[in-house]
Amino acid sequence: MRALQMKRILLWAMAIGLVWAVVTSVSSAADSLTMATTTSTDNTGLLDELMPEFTKDTGIDIKWTATGTGKALKLGENCDVDVLMVHAPPAEKKFVDAGFGVNRREIMYNDFVLIGPPGDPAGISGKTVAEAMMQFEKKKAVFVSRGDNSGTNKKEIGLWKAAGLEVPDRAEWYVQTGQGMLSTIRIAAERDGYTLTDRGTYIKYSADHKGNPPLKVLVEGDAVLLNQYSVIVVNPDRCKNVKADLAEKFVEWITGDRAQQQIAEFRLLGQELFHPNAK
Amino acid sequence: MSFLLEGLIKAIHLLLDMDPETYSAVWTTLQVSSGSMAASLLAGIPLGFFLGYHDFRGKRQVRIVVDTLLALPTVFVGLLVYAFLSRQGPLGSMGLLFTVPGIAIGQTILALPIVVALTATAVEGLDRQLQFTLVSLGADRLQLLTGTLWEARFAILAAALTAYGRVMTEVGISMMVGGNIKWHTRTITTAIALETGKGQFGMGIALGLILLAIAFAVNLSVSFLRKRA
Amino acid sequence: MAEASLYRIRRLVHAYEGGTALRIDELAVRRASIVGLVGPNGSGKSTLLHLLGFIHAPTDGTILFKGQPAGPFSESVRFTVTLLPQESYLLKRTVWQNVRYGLQLRGHEGGQQDRVREALQWVGLEPDRFLHRKWYALSGGEAQRVALAARLVLRPEVLLLDEPTASVDALSAQRIKEAAMRARKEWGTTLVVASHDRQWLYEVCDNVLHLYRGRIFSNGEENMLFGPWRQRGDGRFETHDSDGASFVVDPPPSPDAVAIFGTDAISVSCERPSREQPCVEATISRLLWDRSTGQVIVSFLAGSRPLSARFSAEDIAEKQLYPGRTVWIGYDPGAFRWVE
């Protein structure tokens, strides 16, 4: 009979737990801001540093979902988020021009770099970006692309075109991963290939390998490699549910001196990942 | 390979140190799976009973549809639910996107065909004499339903566990509908996806082991209940 | 008169997919009577019991119970009529839970323990030994007795038994019979019993109905001759039994029609009748006493074919009709009825 009692207690505990879980899940709708952002800001840990400060300063809770820039813009277009933090200026301009977003403000930049194996079989070290792209084509060197319509992917496509080349979509040496930046770098390393990455993620990658990563920076500093991050408020005239006032406060805060200072101070391996440049 | 051992050690640490991020993901996972299991069992068992018990025109076709839905890809369900819950979608005004109930809705759609199909199979497998016995002992229609389901309880329990396994381990719906938002909709599986994406394989393994531990605890309780039932 | 009849059936038809299972023009069952059903497998006994138990509704026609139409789930019958199916089903629970299940359905909370124990004692199962057994820990006979106890615990007004002793051991069969009779005696329960155990039925029943191909013949002493029939040289027809006991009849309405005849169509003698009298040789297999009429039913085997006829006790003594004796049975084909 004791076993029977235990069974009863267990059943009750399960039932109560179930009800509790369901009830609490429904009643969690506090006043908060939702942001769609890119994996690079999230994976580097920048947002984990920055956002608690925002909440501390303004009392506004912020939730963010990290996806590629393409999907982030789509979420904004569908009114599913209040604010965006993305890095694909041409696409952003189109987004604003179409009336999907307002108040686009540049907040920070870092730069893209071309990385590859230290042996550099394609021989791109020290060359310009356009020359490097042509080397890949010529040597049929393994190039690993995000292939996911993210900001980095859009940038890479732009680089092929700027070099007067077609995107080698079906080439055997062109690998499209459809995954995030860090996964893509790892795949490039496994295949002894090259890839384009933002410097923030690369530093994070170096940190994971205790400062001695298998892939090295081979091309950097070219003006076309600039990686500009911006915030955009989703247009409240189109999307009635958007918390425009909170979103504006967020834009104001992140372009403000305190936040800009904190972005500059965010470092990994002693290196600055993002350079604030809000005007 | 080193990250396997690293993962095991990390899993123990996360649990013992009461790591708040981990516990948040565990709690969200439990919330979501409890909600979706409650909804899918509540709707699925009576539907499964009806499908298994009654003969009606088109029953075979309905069975084929339900059995096909067992193969629903989670990412597809996620996309479908997103289309409905998005602000631009028909249910957008309810504000369920990026919320725990939103994920639970998606997982309910995932679990429902499993519960319906397996309950129907369980009820079909019962002896026809059971019906005669219940009616002739004086059961009314509702008592006939409950009595029949109770006779099929072991098979229905197995159905629930199968559905639970699918719900606990899916990542497509949680990612698409939940958005993997830290402290809010990050479940164990989306956390694993994130950590893997970040290259933290050890952390991913650790979270996977924690998920397994939860599944183990659930199965242990159920097997205890079953032994005594 | 409505009071005397517990059941009254008129022009009832019940069909399963593919054919008619039962057709009854008229049937009444008196309160507190015991009615036996005999007939070969598939003759409609189980179907009739299911209908009387209100498990199914008939395809056509109504069944009046206590003068009122009733059907499945009717309040008037839910708690008064109960059926023990041929292959009784035990719930996957303990004996205690099985037996008290019907009481639970009725919301009958008080005194469950006493009534369950009493019901188990009636069927000869020691409550202390059996109450906590699980369904799988019972022999076939024990399971059948538990199933009967689950009906007896309800103190039903009508108890329908479908071959209750067909697949159980001798002791269980005895206990089942005793318990059913006790219900009749103590509570005035009406019993309708389908069984192959004719001896028992004739012993206890007020009325034995004979079913064949979904039809009822008023009482159970009729003999049936099955086809197929073979035409003879003289234009008449005969059965062609391998063991030689053949009947010669008038042309049947169809090749596999069934000939039916009662005691009035035959005569029994110890010597071979004249050449003109059609007859078969048969051995007396047993004698049954029919309590309701006081007559004796004599069973014969003509070859492998069973026959029966009724006699008064005086006839039995005079003709020395004892089992094992070989006699000649003369019959009158003109008195045969045909069923297609």
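First chain written, first letter: the chains are A, B and C, and each begins at residue 1.
To be clear about the criterion, a contact is a pair of C-beta atoms (placed from the backbone, for glycine too) under 8 Å apart; a residue touches a chain by one contact, two chains touch by 3 or more.
Please read these numbers as outputs of a predicted model, since none were measured by experiment.
Engineer: Which number of steps is the smallest that gets you from chain A over to chain B via touching chains?
Structural biologist: Tracing touching chains, the least step count from chain A to chain B comes to 1.
Engineer: Where the centre means the average of the CA atoms, what chain is farthest from chain B?
Structural biologist: Farthest from chain B by mean C-alpha position: C.
Engineer: Which chain wins if you rank chains by how close their C-alpha centre is to the centre of all protein C-alpha atoms?
Structural biologist: B
Engineer: Using Cα averages as centroids, what's the distance between chain A and chain B in whole Å?
Structural biologist: 31
Engineer: In whole angstrom, how far does the Cα centroid of chain A sit from the Cα centroid of chain C?
Structural biologist: 83
Engineer: Roughly how far is chain B from chain C, centre to centre by C-alpha average, rounded to an integer in Å?
Structural biologist: The answer is 53 Å.
Engineer: Please name which positions on chain C make contact with chain B in the complex.
Structural biologist: Residue positions touching the partner: 50, 53-55, 72-73, 78-79, 81-85, 87-89, 91-92, 101-102, 105-106, 147, 150-151, 154, 160.
Engineer: So in the complex, which bits of chain B are touching chain A?
Structural biologist: The contact residues of chain B facing chain A are 30-32, 34-35, 37-38, 86-89, 92-93, 95, 97-101, 104, 179-184, 194, 196-200, 221, 224-225, 228-229.
Engineer: List the residues on chain A that touch chain B in their complex, please.
Structural biologist: Spelled out, the residues of chain A in touch with chain B are 3-4, 7, 10-11, 14, 17-18, 21-22, 24-26, 28-29, 34, 39, 43, 48, 63-67, 78-80, 179-180, 182-183, 186, 204-205, 208, 239, 241.
Engineer: Given the complex with chain C, which residues does chain B contribute to the contact?
Structural biologist: 127, 129-133, 135-141, 143, 147, 150-151
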